[in-house]
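Following are the structures in question.
You will see two complexes here that share subunit A, one where it goes with subunit B and one where it goes with subunit C.
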Partner chain A sequence: MKLLAAIAALASIATATACGSAGTESSGQGGIYTTIDGSKQINASAPINPFNPVGSVFDGYNGMALAWPKNDPIDPNQFYPAIARSWDVSPDQSAVVIHLQPDARWSDGKPVTSEDVRVSIGLAYTQGGTAYAIDPKAAGAAASIQVVDPKTIRITQGANKSNMFLSNLLSTDIVPAHVFGQLLPADFWQKLKVAQTGKGPAADRDKNVITGLADKVIAFSPPHDVSAGPFVLERVNPGAALLTRNPYFYDRRLIVPDKVEMLNYSGNEQIWNYLIAGKLDNAPFTSVPSAVLDRIRQVRGSKVISGFSPVSTSLAFNQAHKPYDNVHVRRALAYLINRAQVTKIASPEGGTASETTSGIHAAAAKVWLGQAFNGLDPYRLDPAKAAAELKAAGMTRRGGKWALPDGKPWTVQIHVPAAFSDWVSAAKSISSQLTDHGIDATVVTSADYTLYLTELAAGKYDVGFWLMGLGPSPYNIFQRLFGQANGWQMFGGRLEHVAPGTQGNWMGGPEKVAVAGPDGTTTVDPGELTSRLGYASQDEQKKIVAVLARTANQQLPVIQLWDYVNTQFVNTSRYTGFPPDDDQSLRLSSGVWMQLGMIRKRQA
Partner chain B sequence: MTRAVRERPQGAAIARRVAGHIGRGLVMIWVVATISFFIIREIPGDPVQGMYETLLQKGMSPDQAERATAVLYGFLPTGSLWHQYVDYMWSLLHLDLGQSLSTPGVKVTSLIGSAAQWTVLPVLAGTLLSFLLGVTMGVYAAIKRSGKLGDLLALSGSLLHGVPVYVIGLLLTAIFTTLWPILPAGGPVDVAYVPGFNAGYIGSLVYHAVLPVATYTLASYGGWILAMKSNVVAVLGDDFILAAELRGLRRGFVFRYLARNAILPLFTILALSIGMLFGGSIFIEEIFNYPGLGLLLVNSISTRDYALMGGAFLVITVGIVVANIVADLLYTAIDPRVRSGETA
Partner chain C sequence: MTVTVLPPGAGEVAAGTTRAALRRNFWRGVWRVLCRKPSRMAGVVIVVGFAVMGVVGPLLYPANLPRDDNALYAAPSLQHPFGTDFEGTDVLALVVTGARYVLLTGLATAVITVALGTAIGLFAGFRRGGWDTALMRLTDLNLAIPGLPLLLVLSTVWKFTSPLSMGLVLGLLGWGGVARAVRSQTLSLRERGFIEAARGLGLPTTHIIGRELLPSMAPYIAMNMLIAVTGAVYAQVGLFFLGVLPFDANNWGVMLNLAVFSGGALTTPAALPYLLAPLIAILLLTLGIVLIVDAMDEIFNPRLREE
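== the complex of A and B ==
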């Protein structure tokens, strides 16, 4: 017992010490801003390297891109300046001239120059990706990088143009050439030129040399952080990262906090607990049960900011499986699902019930389609219409239950990953609603999301949940409905439609469909139209989006259930000046908000 | 001279025994490593696609998500399964567990080394605390078994023994981090403290370890108290206790006889339970966001990080095998009956 008492006393002393301030490095008047990076978990073993997916580099704090994307509903090329103060784009988007911030400096005092941008682009080539594909035929790949002067750089686009070129270019992470430059061999740019424009074994060899650098670049671990952002990484442990203000940041007068503490989390419950304890100044949105949300709202200073989030959730069909190959069956199910009720149960704060199925988040759809949005079938709850559709599909009703045309019983199996509580709740609600209308329905959960996606892609499910409407780029939006998952794939720069059940085609829709429009019914190839969205002019994009929205609405490869709302938690008891609802900076980190001059210390 | 002659065969026997244990342990580790290698490779799920869709779910744009996940392709295992197995075993012989997929560019041994410290210390502290507490309370519960205190102690043991470890963890979290927020909700140490041998840093380590250690303690306390009470009651009826009492030995001596004989079987369980608690760490570390081997294993499974999964399984297996060997040797050392049986 004496031993226990001694241990308890030691723990008490330690606790008291920990609650005090011994050993801490004091912060000044600006205080410590506490937040969470929702995009990744903190990994103390990872290097301070933005090319490493879990590296200790946090966007907007010690990680800087050329510019930060605005949350525009339809234009992916709207950006806030960052390392790039401004940029000029040629009318055909073939060349972009970037003007760097004149006062930008690294945290070691060295100026940020065009050479830093050039090296960063060189390193990005080793990783591949859209703007920096070595294959010159790749859409939207950069063709040349020319340093004009220490603060100006010109980048041209290859012959196969893409509307996403500017967006991908401005999203480039910028690293210091005097730290990362050693990773590129001296003849890197010559090798790149040969790899891009040459032919035969020499080109293949140089291509392999460049892509072979990927591992080295990812694993590179600088001894300490050299940042051009408003903060520099001071230290990181498995539970949190601590960042200190960068005295050389080009707009340092806008940055208020002395330090930023980035907390790690392994589950949503920890974020809830931090919020209830009032510990976080800002947290990314996580699914929150109503009871927990009420408790968070009661915390002093707690506020919820919401805005546009270009993501929707849908119930997707495998059209290679009967009876879901029949559009009447899909429409019948759409008429039987009360989406408002589903959303209220599944995502009361984080979503709004879809007004219809267009393939696009409603906020973006209204801009893209204008009045035509109201012309889409809203698929409101209508059991009579559903019954008519089921009869048109040859389904029969016996003893109050709908059966397949051959008389066999019909059960709708809705698949969902177990870890997504909102999807599970939605699936249960849909199952219950269908059962009430005489359709047997069950919910089948998968152990985790990775397994779910694999089985979905393998065509094992009849019906499952699917993310869609991933804007703002219209190409990305319709890729989710008429892309690889539905059979359309690029082979050597040519678009082809593969057979259902092969190469990831689990939606199994037809290659061409008849779509009714203002000028009558026409036959369209939705995948081909989607592909054109990548390079079409804005006027042409509008026309294509209108056709594809009608296609999605009439053919229903999915039933759009709810559109997500970007909901963020903030606490105003220490800092104020957070962005208002629907602000275009809402999807960016607090670090970017600070760069935009938003976060202010609360006055006592 | 006679003593030296007697010691040599005894020493040789112990060496043989230890060598046997180590040999069997190595075979066991090889068997588990082989089985886990093949099971892990058979787990369905594409790690790159999984990470891509997860990033989309978190609100990242498709282009950003593609950039973030494209690099992972370079870390996927290639070649036939048999070829991968031979490579894996060869690397294992060189204590190389490969490269992590979820933390590209970082060696699995480095990740495991960092995580192990956050599991070993709380597990040891929790196990020893629960052992001390459980054994002490078990003796009291046995001696006072016909009184209210004995009933109460036995009841506390039965109740706690039946509650799953994750329920205890969640309850402690709810009570001490939200209802009565006096302890941290997660993490191993406050990053504001400069790491090193200073009071603030060490105090913060202890402060953050209170809830995980308390969970380990409460989770196994029930088992100790019930086992100890049962052993003490059994020993109380033995002839040597009766003889000691009849000879008029002081109560302290009788108590020592009692405790020493009753506690013997528990030492074996103690060593084993340290190994088994590594399994429990999966729940506890997830709940408290404590960056140990359990959390590493959970994360590696969800990201299908084959190398890391294999490494984490292996380390936990080695922990349990070593605990078994230690238990067996410990029993030999502390129980004279086993020793004499061995040399006979």
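== the complex of A and C ==
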């Protein structure tokens, strides 16, 4: 009873949260635009700080980057201008000159200058990673930051070049130097230089000083919002955040709503209820069952926009565990899973069944591979082929059940995080299908996603669900299959393959594999090829992608199940001008759509 | 004055006959109490029905329940009285085959709760002094443990695949209330004349506790046991609903979770039967137990008898 009471109490808190709002608001002619932030829930006590993962900074509204990425299937360097009006890039991406918006101002009236960008980059160094790695040998690390004039800044790339440099650079969050600058010590840039180029204890000490600033930067809480975006945070409570128009925004003539109300949510069903109530002008991708989608469609003004989403779901194997080390077993399972059926059950509206396993979302794979895409084994449902593969793996069949080569019973344990209802349904569907074909299979859930990833990385699972195809960068796509999770890691700028079960290598695949191609069978190192994708020219990239897609298809480190569709919900009763299906801005927030001049007030 | 001399062994025979007669009278009394209100008989029928479902239910269906790929979330029909789930499996079949885990967990929890709680409460109340103090602090500790957060943490390291392991944990978390109540009753009873007399006769402690104290508290303990079953059902279904326990498609809590979070049962009517079926099962089971507890109250408390 004590437990029941506690569960009931939790439920009531969730309900109370659902009912919260930013209060009754009056607005001018532009009205209040209501939406949710798909990337995070609202935390009323979080600082107004983009470096804080739960901070009250919302991309495209009061959070601004140098530029916004377009939803291109294969080119990660396509961007819409934001704080950066334009940029010049040298052909090998060794230097990027960024020209800032001439009229850009912060919400307190001060101009946005190159110094703001420089301070933002300094703060990004404290967080590490991507273009701002302290290790100068890291691929795609910035080497120098030079303020050319108040509206121009030049950034050069280090010797170990990466095709992702421009993309990482333009994604930098820009914060006001007169608010955040105090976080950096006066001699920060000297210390950074010593940490990057020096040797010995002095370099180590300065490196520690810079990385030691990380927590201070994350915890920093400005007293009020100073934004260069179209909106400024007015107030936030557990139910919603309210943002008002920034009178100094450089393209303020394009911004129609007077205010934006960002509603909080505790789960998908709350977003469904908002949509059915017609409360939201836009909701980003949300997993929705068919019956709920039908109900949402019936709401006045409700529309569903869909487009490309460079993400797929797969069933991944731990090849360090038997019998999944045997490619015939992995292929047999691929021949026994009806992906169309799995997708129909798990993600009927938000996904399309994968045509094959290539490692890439089908839409991007067709562009990268052309006709070669059709040459990949589609692994259609074929129990006879599966039986032949299992026999080739030495598996035995007794009393209608498949057993391990030594005669011991075989149960496929499929692991999923409990909170991902589409994955749970898919795992159950797969387990039923395998059981139909004489393979015992069970579903095991993990309490939460963080625990799931921790246990997965620790090599505790045989088979688990895994997100893949995270494009558009081909390097990022194949990192999911032949990267750190499969043993390939960079040490001091050198790629190494670590033993299965160590340093996060839970996929446990071999370092080199034989891959059949148009020119016969060759031995390839998929991790090394993936690493080359980071700096190869586009022609080279195409060749490498073709080899890696064949490797993924033949070796099956994962079975690609379905490719996601970016399903967005909009309501045109108050605002119109939303992007059409398959638009390149579809994965960006409504705030960016407003910056691009899309959202207009509906005329009575 | 007449003295009746009984032949050797006649006393034992008489005692045995008396005990058998008492037992017969007791069951006749139980029957009378049950028949007095139809609701009590309904309670017995419901609980027996669930027990049969738990024992025989899984035998009525194939090990892998059939699925209909073209009837996902199908509406209720004669073929599927509670419709189908996300895979097109009959929801009634899921409820029936899932009853065993729920009931076994409830039973295991109830046995452990009552056995531990009664033993500790009796011992503490009868012995008093240092033992009482130590055992009651232990009871306080048990009562102070926040059960849900602890179970959430435990679920990350323990998968609770067996109903007995689930019942063991719930039982170990839930005995505190019973122990406290039994101790209070023991403290009160041990001052009564019949216990004083038993002590005066030099009867051993085990006899006093087992034969004198325990029977007086049997009604209370039996009722607690039944109520513990309902508590365990709520707790485990709640944990499965939160998704922190292992996935089993026919577990009632998992069914509720999938109906709400996958099927949108609280948003649209399509998955509502899938939500209602396990809910009705839980409500019926609780109702059956409550109705039996009502009968037990009268059986064990002569003052409530309406004769």
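In this section, the second predicted complex is superposed on the first by the 579 of 604 C-alpha atoms of A that agree within 3 Å, B and C clash if a C-alpha of one lies under 4 Å from a C-alpha of the other, contacts with A are read in each partner's own complex, and residues count from 1 in each chain.
FYI, contacts are C-beta pairs under 8 Å (C-beta built on N, C-alpha and C of every residue); 3 or more make two chains touch, one makes a residue touch a chain.
What you see is a predicted model; the values in this text were computed from it and never measured.
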item: First (subunit B), second (subunit C), both or neither touched by A:P69; value: first
item: First, second, both or neither for A:T396, with subunit B first and subunit C second; value: neither
item: Which superposed partner A:F51 touches (first subunit B, second subunit C, both, neither); value: first
item: Partner chain(s) touched by A:P289 [first = subunit B, second = subunit C, both, neither]; value: second
item: Most subunit A residues touched (candidates subunit B, subunit C); value: B
item: Partner chain(s) touched by A:I276 [first = subunit B, second = subunit C, both, neither]; value: both
item: Touched partner set for A:A457, first subunit B, second subunit C, both or neither; value: first
item: Touched partner set for A:A219, first subunit B, second subunit C, both or neither; value: first
item: Partner chain(s) touched by A:S425 [first = subunit B, second = subunit C, both, neither]; value: second
item: Contacts of A:G267 with subunit B and subunit C, given as first, second, both or neither; value: both
item: Doubly contacted residues of subunit A, that is, touched by subunit B and again by subunit C; value: 1, 3-4, 7, 10, 267, 269, 273, 276, 295, 451
item: Touching residues (chain side subunit C, partner subunit A) in the complex; value: 64, 67, 69, 72-73, 86-87, 146-149, 151-152, 155-156, 159, 170, 174, 231, 234-235, 238-239, 241-247, 249, 258, 260-264, 266-271
item: Touch list for subunit A against partner subunit B, complex; value: 1, 3-4, 7, 10-11, 13-25, 32, 38-39, 41, 43-47, 51-54, 69, 76, 127-130, 164, 167-168, 171, 214-215, 218-221, 235-242, 261, 263-267, 269-270, 273-274, 276-277, 279, 284, 295, 309, 311, 420, 448-451, 453-455, 457, 467, 470, 473, 476, 479, 564, 566, 587
item: Subunit C partner contacts - residues on subunit A that touch it in the complex; value: 1-4, 6-7, 10, 267-269, 272-273, 276, 288-292, 294-295, 341, 344-345, 416, 418-419, 421-422, 424-425, 427-429, 432, 435-436, 443-447, 451
item: Sites on subunit B touched by subunit A in the complex; value: 43-47, 49-51, 53-64, 66-72, 74-75, 102-106, 110-111, 114-115, 118, 129, 132-133, 136, 173, 177-178, 181, 185-195, 198-208, 210, 285-287, 289, 291, 295, 298-299, 301-304
